[in-house]
Amino acid sequence: MRTVQSGASLHDATVVLDDRVILRAVNVVVGPGLTLVRGPNGSGKTTLLRALAGLVPLARGDRRLAGDVLYIGHRPMLLRGLSARENLEFFARFRGGDTRAIDGALRAWGVGEDMDRPVERLSAGERRRASLARVEAERVQVLLLDEPFADLDEAGAVRLRQTIARARDDGRSVVVATHAHPELDDLAKAWIALDDGDATAA
Amino acid sequence: MTDTTISRGTPYWMPRIRPWLGIAAAASFVVASVMALFWAPTDAVQGNVYRILYVHVPLAWLAYLAFVVVFLASIGWLWTRNAVFDAIAVASAEIGVLFTGLFLVAGSIWAKPTWGVWWTWEPRLVTTAVMFVMYVGYLLLRGLSTDFSRRATRAAVFGIIAVIDVPIVHLSVLWANSLHQLPTVLRAAGSPALDSSMLLTLMVSLFAYTLIYAYFMSARVSLEVARQVRLWTT
Amino acid sequence: MIALYRIALVAARELRAERRQPDGVVAAVTFIAVLVLLESLVVGPQIARDADVASALFWLALAFATILATMRSFDRELEDDALEGLVALPGGRDALFGGKVLALAMVLVLVATVGGILSLVLLDLPVALPVHLIVVVLLGVLALPPIVIVDVVLALRLRARAALVPILALPVLVPQLVAATRGTSAALSGDAVGALSWAGLLFAFSVVYTVIGLTIVPAAIE
Amino acid sequence: MIALYRIALVAARELRAERRQPDGVVAAVTFIAVLVLLESLVVGPQIARDADVASALFWLALAFATILATMRSFDRELEDDALEGLVALPGGRDALFGGKVLALAMVLVLVATVGGILSLVLLDLPVALPVHLIVVVLLGVLALPPIVIVDVVLALRLRARAALVPILALPVLVPQLVAATRGTSAALSGDAVGALSWAGLLFAFSVVYTVIGLTIVPAAIE
Amino acid sequence: MRTVQSGASLHDATVVLDDRVILRAVNVVVGPGLTLVRGPNGSGKTTLLRALAGLVPLARGDRRLAGDVLYIGHRPMLLRGLSARENLEFFARFRGGDTRAIDGALRAWGVGEDMDRPVERLSAGERRRASLARVEAERVQVLLLDEPFADLDEAGAVRLRQTIARARDDGRSVVVATHAHPELDDLAKAWIALDDGDATAA
């Protein structure tokens, strides 16, 4: 098998949930640059990202990883009770990094004023913005973003595209699963088309 | 990341020896029953009721064995991710729960004439009941989990923890105010304090129930492996 | 080292979320107080003041408080998939168990202290060996969280979770609860040797379960 | 009429979700069994077989089972804002309380039956007045859900929910639990007049709380 | 004050959450046809819809409603444990309607095969589709949809646009809060622009 310099890969990976095959012998190699995951509802995009992040047990096959992963799923994954800032500080410290970038990142994402309120009191879009600020606050090599445009307004979507473009230019591996947003195709280097558990790379 | 290994079916010799295992189990069960009912001497104190011993004690020990097997198979699954270990664990847990239920009932039937009650609160009995509930919980946990590897992993973790109750049940008679028989056979100091023909009958019964356990295991494990194969090939 | 630091971070996060609900600890304490009241009310004061019975009630209440507190902690994590965010971090899986045990043990020490003093005062119990009592209660409290957390992790995302956790946890806790009850009752009634040997057993329990938890819980989380 | 139909619909939905966990009731029963086991182990067999103590344990266990079951029911509702979907329906606010009480009462009757038989057998209790016992247990069971559900609704969306519910519920439950315990113990030991008068009190409790619940719960939900 | 024939309205409505004013003296009248609610993240769109649906207490002002309301929020609002079909049957029966339309609606939304699986085992988009099928299954006069395009794939979005258009043509009152989707503007009759709690109608 090949070696991967930076990024993540799945080899012959099969995922079974609820005794149903959700991903079928998938081979995916993600390297630096933007990889887009496309596919209709229920085709297995979320499962693929979770498999890359190691959040789902593989029934067969294996997963390789070079560098740390930042996975943001359909939900914002912030702990209720804590504020956005406290959540991001926890993540950054846990990775052994510093917390200096956090304030700036949250402010840039437009939640500067709300960053000390408990996250459950934020609107859906504000919560999404706070979780996307992690991309700047943690500066991790491999980014896995599942439908990150959901709930974002126009300004937020623009910022997210810039963020993705910048991460790509920095040589980070970015995997984005999303519907629509054809403008992302211009930034992408690779495509993974999912159909009912079968992946085709392009 | 470790792969889940699925056996390609039961080993070829399994189905071949299973009938013989069944015949041996049945035959030794008949011998043990005849010995227990007619050959072994009547107890000086208890009369004939004591003969329940030959069911009660072997079943208790085999329940212990079954739960220790669950424990070992659980370690095996976590270590190797070979699905056959999960099959062994579930088979052994089910048989263990069955045997525990049976020796509880047998003990209870024995308790009525000797102690005057069906059930009483004393350490051996309570810890046994707790062990029973624990493994019913183990089976519940399995039943509620959805997909294969999660089920196997969660069950394995619990199977490892639950085994701690086996020595506790065994040692519980040593606690103060136990009504139950103190260790007479498996005791630390000296040889068994039991009449030799009684001891022989007990050993033959133990042998018979061990074969029954082995027979059940081979049947249940094959069934489970067949299910796994069906699941993974569709 | 880094592993310990991460465990400390998880514990700190947990404690902070817990402190945000100013009534977290108060809640658990009230819970114990109500239970002690209730039982002494329905069981009758003579029986309730018996050293054995009082210790038994105290430990049963504490076991329930542990289960409730642990389930609440994980409920919070399941909202918005926060737990997944933690587990997806490098080393997150390994730090989870240790951090939760640490945080929960600290909360429980507080709860046990206040709840214990309350029981002593409400039931007007004489204490023969105060130092032994403290040692026994402390070790008993430390023995509770590991096993409860393991069971909550096992039942995570299963549908009958709220009912499954007590079923899985209580039988496993029985030996510990018996040891803690006997030890407490020994300390209350002046049996120093008894208190210390039960304390030793409790210590053994907490070490064994913590080691088991640290070893196998990471495998049990997806 | 339409109000009753809607209450029945909510109850049916609840029971269906409950039945999907084939062992939901089994779980609650096992829970009671474990508690009875545990308590008699720590309290000692003689005390545990006392009619007063046995009834007290049974009712405490049932109170916990009620609280757990109710919290589980609302946990399920809070996921994905399902509760909001129900409340947004015309008349949804009014049907919520009645439906939950109905469903929970049915589950509890089952749990109490099996749990009660288990306790009787396990503790080998003599029953002097079986019919009175059934009446008392039935009325006691019906008195539990209204108040617990009111409390859960009040605590809903408050952060310390899991711990707050027992605090709110238990003190309010104390009178009912005392009545149920005394009534049960009277029925066990042959005091017919005592059993019936406690049963009457329990009936009054359940009527009062149901009326209160039907009146104020709709206003308490947003 | 005016009377409304079919639809919903808020008069001088102020909403306070957490001691902060979220909606400030808002006057909104929603009649038959499509009303679009626009505004950046955190401007109060969700709060407005919840106020119309009666899910949020008004600190001042009042709410009028003619006809039943169907509100679908950011989350799909389906009860876990039950299947999609069972969820929809419950809603339809509760409204006193029949359940004949449900199977067809779920099938039309592409969750025909999954309609008997518990909803928590569905993918995010499948869950969204199941909840949108309520629009066809319950046939209610006033529809309040909060960001209904989230998680939908292209085919789902097309279907949703058709559904909205059809509901509008049937004379139902449809209120949609959404970012982007400029193509909806062609269908709309009225616009509500929200900015930090202040509403301007257009």
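Order of writing sets the chain letters: A, B, C, D and E. Residues in each chain are counted from 1.
By definition in this document, a contact is a pair of C-beta atoms (placed from the backbone, for glycine too) under 8 Å apart; a residue touches a chain by one contact, two chains touch by 3 or more.
These figures come from a predicted structure and were not determined experimentally.
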Problem set entry | Taking each chain's C-alpha mean as its centre, the one farthest from chain B | E
Exercise. Which two chains does the highest number of contacting C-beta pairs join?
Worked result: C-D
Problem set entry | Intercentroid distance (Cα basis), chain D paired with chain B, Å | 37
Exercise. Just curious, how far off is chain E from chain C if you go by their C-alpha centres, in Å?
Worked result: 45
Exercise. In angstrom, rounded to a whole number, how far apart do the mean CA points of chain A and chain B lie?
Worked result: 49
Problem set entry | Whole-Å gap between the CA centroids of chain A and chain E | 29
Problem set entry | Multi-partner residues of chain D (at least 2 other chains) | 20-21, 23, 27, 30, 34, 37, 41, 44, 159
Seminar exercise, completed: Note: chain A residues in touch with at least two other chains are 17-18, 54, 57, 74, 81
Problem set entry | Residue list for chain B, restricted to those that touch at least two other chains | 130, 133, 137, 140, 144, 146, 150, 153
For this session: Enumerate the contact residues on chain B facing chain A in the complex.
Result: 1, 3-4, 146-150, 153, 231-232, 234
Exercise. What residues of chain A sit close enough to touch chain E in their complex?
Worked result: 17-18, 39-42, 46, 74, 110, 114, 121-126, 128-129, 147, 150-157, 179-180
Problem set entry | Of chain E, residues touching chain D in the complex | 53-57, 68-82, 86, 90-91, 93-96, 118-120, 127
Exercise. Residues of chain B touching chain C in their complex?
Worked result: 78, 127, 130-131, 133-134, 137, 140-141, 144-145, 150, 153-154, 156-158, 160-162, 164-165, 168
For this session: Please name which positions on chain D make contact with chain E in the complex.
Result: 2, 6, 9-10, 13, 16-17, 20-21, 76-77, 79-82, 84-92, 95, 222
